[in-house]
Amino acid sequence: MSHAAADNLMLPSRSFERGVDAYDIKLGMWVFLASEVMFFGALIGTYIILRFSVDQPWAQPGVILNVPLTAFNTFLLICSSVSMVKAFAAVADGDQKNLKFWLFMTMLGGAMFVGVQVFEYIKLLGHGFTPSGYREGSQLAEHALADPLKYGAATGGLYGSTFFTMTGFHGFHVTCGVVSMTYLFFTKALPGKYSQQDYRGIEAVGLYWHFVDLVWIILFTIVYLV
Amino acid sequence: MSWWLPRQASTFGPAIDGLFIAILIITGIAFVIVEVGLVWFAIKYRGRPGRKAFYTHGVTKAEVIWTAIPAVTVVALGLVSNHYWVEMKGRNSVPPDAMPIGVHVKQFEWSFMHPGPDGQLGTADDIKLRNQLHILLNRPVVVHLEAEDVIHSFFVPEFRVKQDAVPGMHISAWFQATDTGEYEIGCAELCGMGHYKMRARVFVHTPEAFQAWMTQQATPTEATP
Amino acid sequence: MTSVAAHAPAHGVHHGPTSFWRKYIFSTDHKIIGIQFLFVSLFFLLVGGLLAMQIRWQLGFPGKPMPGGGILPESMTAGGVILPEYYITLVTMHGTFMVFFAIMPLLVGVYANFLIPLKVGAHDMAFPRINMASFWLALTAGLIMFAGFFVPEGAARAGWTMYAPLSARPDLSGSNIGQKLWCLSIIFLGLSSILGSLNYITTVINNRAPGMTWFRMPLSVWALFITAILGLLALPVLSGAAIMLLFDQTLGTHFFDPAAGGQALLWQHLFWFFGHPEVYILILPAMGMVSDIIANGSRKPIFGYHSMVFAIVGIAFLGWMVWGHHMFMSGMNPMLGSTFMVSTMLIAVPSAIKVFNWMGTMWRGNIRFHVPMLNAIGFVGMFAIGGLSGVFMAATPVDMFIHDTYFIVAHLHYVLFGGSLFALFGAITYWYPKMFGKVMNERWGKIHFWLTMVFYNLVFFPMHIIGMGGQMRRLYDPTIYTFLKPQQPMNEFISICAFILFAVQIIFALNFLLNLKWGKKAPQNPWEDNGLEWTLPNPAPHGNWERPPNVYRGPYEFASPQVPEDYLPQTRKLPTDREPAAAGTGH
Amino acid sequence: MEAATHKHPNYVLIWLYLAVLTVVEVGVAFISHFSKSTLIVLLLFFALWKALLVALYFMHLKFERWNLRTIALIPIPLALILIIIVLQEGL
């Protein structure tokens, strides 16, 4: 579909069809995403390695982290991915009104996701779950002392390190996405600068946004559920 | 001034030095071919006015040859090396009769835990020495390395043995001294500003001398059995 | 990022006169950015060199006051004598600056930027503004790293490889802010490299001129393209690792802290997973540019163009599977040692192909010994030594002895100095006319080459012997060890030669700087080369071409029987040539 | 552009898919009584399924040419090599 659309883009002299049949920005975004795969690969790999090469048990899922809240957050991100793709479909069909609506919904979804995550972080830190483990003297540390198996007392430090690094960097990526979408919304979408012929910005930011969603799908499973 | 490898004082010596010499010969031949070839071509085919170079995009046969020869050579080298590697460092390479030594290392000193007369580590008659290791001639020794703070590396040049000690890991390395005397242990991994002075000594004794040393160690403390 | 969309330069774009700031400082012209990188990284090369001189002083004359050492603060020297903690800083920062801020930006930042659009026939990079951001990020990274010298306790002190836990714990390394600055700088550098790489990759894939098929690309472009892929995929891993290290230092995480269940070896795995591709980032572009120069100097097509391309790809591919050979003695699973040994041995094969193909190119050539050619031949000779000495380390039992000794130092300098830097001397001279419109002095270039060649070998070859004697790396004072004492005269000899080697580089610096102003004006095609870049005026204007040139053949058609001259530019249309397929649909 | 209008995949359907899979995932993780290893395999399977849906439909990989797909795929084996080899450490 995008294939057919791309052929009709009124692009400047770029001869994109010689390469991979994608114009520069789309190709560049894919190349960038490849490097992002390696970045998250390093973070996730570290998590897997640290978790599965340590003998001590890890905290059981749902004990420390609020899974229902995050499941809702996951749902929110999936919704924003759908609204993004709706915005893309709208602009590909030349529908300015729906483009603005769906792009705005995507921004909203992303911003809400970040909000929920910040709320989650504040709660966790309040309970005593920090990047360096269970804070001494906190409620959580006492629980962990009482039931070290359930709370993975011995691995709390690694749990905190990997959890906050992975979800934190994901949240950072979401924030970047929201910021760039907001920028595009006000400078390009609202003034109606996108058209059926040129919607490169929307497609590229969409790719980025879906990638962030994809990473979250993996993170949600391996961090919260396993 | 030594222009060659240090003297050999362990069973690893002949194998490692032999391999070293073999590689030196192989790479030496390649070295001569390349360097002589470069100089020779540079002189022989130096530019002369009015002459044009030979127009060719390559000779497939030649390329196949100089791909195949290095490939075969390095694979063979790899197989030979692996044989010795498994013998020296493989998981099950430590001889069963090896004398265990506990090595505890921190910034910037070594401490060596020798098994006492009972020949076992972790008993009351263990002998702990700072920066001094005493071992028996012709008897395999296995060092159990434990680092307290940062990564250090146990290195005895004459024994051709080296092994990093990593905090949080239990790493063992073995060797067998073949010559009596005193040797130096160095730290081969940057471990902080005192890295250069992490020097210890290893003494290789004949059985009689070793016995004498052990008795002498046991006397002052009057350890009860 | 996406906003760049609107900025794609129009066809046959004319860039009007702009202010000094837009033209030279915040330029989006790939050539200017390349030149900016050139000056910045030559400065860092000088910094790295000065650090090396101090290292050599301490190794050659331990405990003696260093000339001029008095001006350094007391945290570094005592009465002019280098302190052990400063010595560790020296080796750390020498490695860091040379690898990350001198050689890598010189090869990739300068020449990928400068050459790729010119050699594939593009107006500019695909994303000129991202390109500019890449430069400014790299400069920021360099300045952050440089700032380390001026903080209390000095710059990082854990070796350029930053092995944890030494690097993670300020109480153990003795450097607190310096370590954090190192991580921060590397994160910036990673981002800069990723932005650069995605630009290079997109440009090569999408913006080639009509007729510039994949197998008509010069080997320099191939090498830079593959290098960009390596950088794109390797740097994020380093950035990730540096972020985790920074968190260990600041947020109290425990990634590399064994006391809390973290893993010290994990850092090494992450670092070398990046680090080995990085090694090829530091040599592949040099190989590519040397291929161009050798074909030009021999006036003969490159020998086995396709196998050269496949060798580059093969090196890059195998390069991902050999990182463990830096860790044979680290206590990792010995089974992995065997695996990594085999893959490491195999990587010798594509390297051998390249060396022999360069020789094959010279065979029956009509060699012109211009300065770039001399340096390129020097590159082949020195890279061969560096490559062959690598076989010793690849053999795990031998590595047990020479690991972390001066043998390694010799090996890596033969590849990085004898390899990359000789190639760079050649490349700088070769493309100087394109950059500045002037030529560098031929005679002084030759004097510089020969003196460098001699003293370079006098410095680094004896290091093999010292390493065979067992001298460990990063020792503040080797004479502490009895078995190393007899080697001290050799260390002294190396140091003296190193000082001379450094002094010789002044010739190059002067030749480079003075000719900017007083150099002879360069002719249109000074080396009589086939490349697209020489069809443009020197220096080329912003936007390069009025319209992209048509390409009719590969880049190495020297001595072609079709024309009387001994070179045949890629853009010259012979009666037998067909027009390439029309470019783009947007016209 | 008529063709494009008709060629959009049914995004709402995929959204439903993803939502249902998420619910199933959470359910499997907390309500079912599988052994730990079965659970991990199952959850990874669901996660990959969802990730594939996003990549193929939302990111249109399904409709791209093979060489663009290659670019997307290249880093994945590399990341896997890193993880698998380091896990071999068996520390």
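A, B, C and D label the chains in the order they appear, each numbered from 1.
Definition applied: contacts are C-beta pairs under 8 Å (C-beta built on N, C-alpha and C of every residue); 3 or more make two chains touch, one makes a residue touch a chain.
Computed from a predicted model, the values in this text were never measured in an experiment.
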Next item on the list: By the contact definition above, name the pair with the higher C-beta contact count: C-D or B-C.
Entry: B-C
Checklist line | Chain centre separation in whole Å, for subunit D relative to subunit C (CA means) | finding: 38
Next item on the list: Just give me the whole-number Å value for how far the CA centre of subunit B lies from that of subunit C.
Entry: 31
Next item on the list: Could you please state the distance in Å, as a whole number, between where the Cα atoms of subunit B are centred and where those of subunit D are centred?
Entry: 47
Next item on the list: Name the residues of subunit D that each touch 2 or more other chains.
Entry: 74-75, 78, 82, 86, 89-91
Margin query: Using the touch definition from the top, which residues of subunit C touch two or more other chains?
Written below: 233, 237, 262-263, 265-266, 270, 333, 335
Next item on the list: Mark out which residues of subunit A touch at least two other chains, giving numbers and ranges.
Entry: 19-20, 22, 27, 31, 34-35, 38, 41-42, 49, 53
Notebook entry, point to check: What chain pairs are in touch here?
Noted result: A-C, A-D, B-C, C-D
Note to self: Which stretch or stretches of subunit A touch subunit D in the complex?
What the structure shows: 1-5, 8, 19-22, 27, 30-31, 33-35, 37-38, 41-42, 44-45, 48-49, 52-53, 61-62, 67, 71, 74-75, 78-79, 81-82, 84-86, 89, 92-94, 196, 206-207, 210-211, 213-214, 217-218, 220-222, 225-226
Check: Hey, which residues of subunit C end up touching subunit D in the complex?
Finding: 229, 233, 237, 263, 265-266, 269-270, 273, 320-321, 324, 332-333, 335-336
Notebook entry, point to check: Inside the complex, what are the residues of subunit D that reach subunit A?
Noted result: 1, 3-5, 7-9, 11-12, 14-15, 18-19, 22-23, 25-26, 29-30, 39-40, 43-44, 46-47, 50-51, 54-55, 57-60, 63-65, 67-68, 71-72, 74-76, 78-79, 82-83, 86-87, 89-91
Margin query: Residue numbers of subunit A touching subunit C in their complex, please.
Written below: 7, 9-20, 22-25, 27-29, 31-32, 34-36, 38-39, 41-43, 46, 49-50, 53-54, 56, 130-133, 154-155, 157-158, 160-162, 164-165, 169, 180, 183-184, 187-188, 193, 198, 200-201, 204-205
Notebook entry, point to check: Given the complex with subunit B, which residues does subunit C contribute to the contact?
Noted result: 84-85, 87-88, 91, 157-159, 163, 165-166, 169, 172-174, 258-259, 262-265, 298-305, 307, 329-331, 333-335, 337-338, 341-342, 345-346, 348-349, 352-353, 355-357, 359-360, 362-369, 377, 380-381, 384-385, 388-389, 391-392, 394-398, 400-401, 403-405, 465, 468-470, 472-478, 480-483, 486-487, 489-490, 556, 558-561, 566
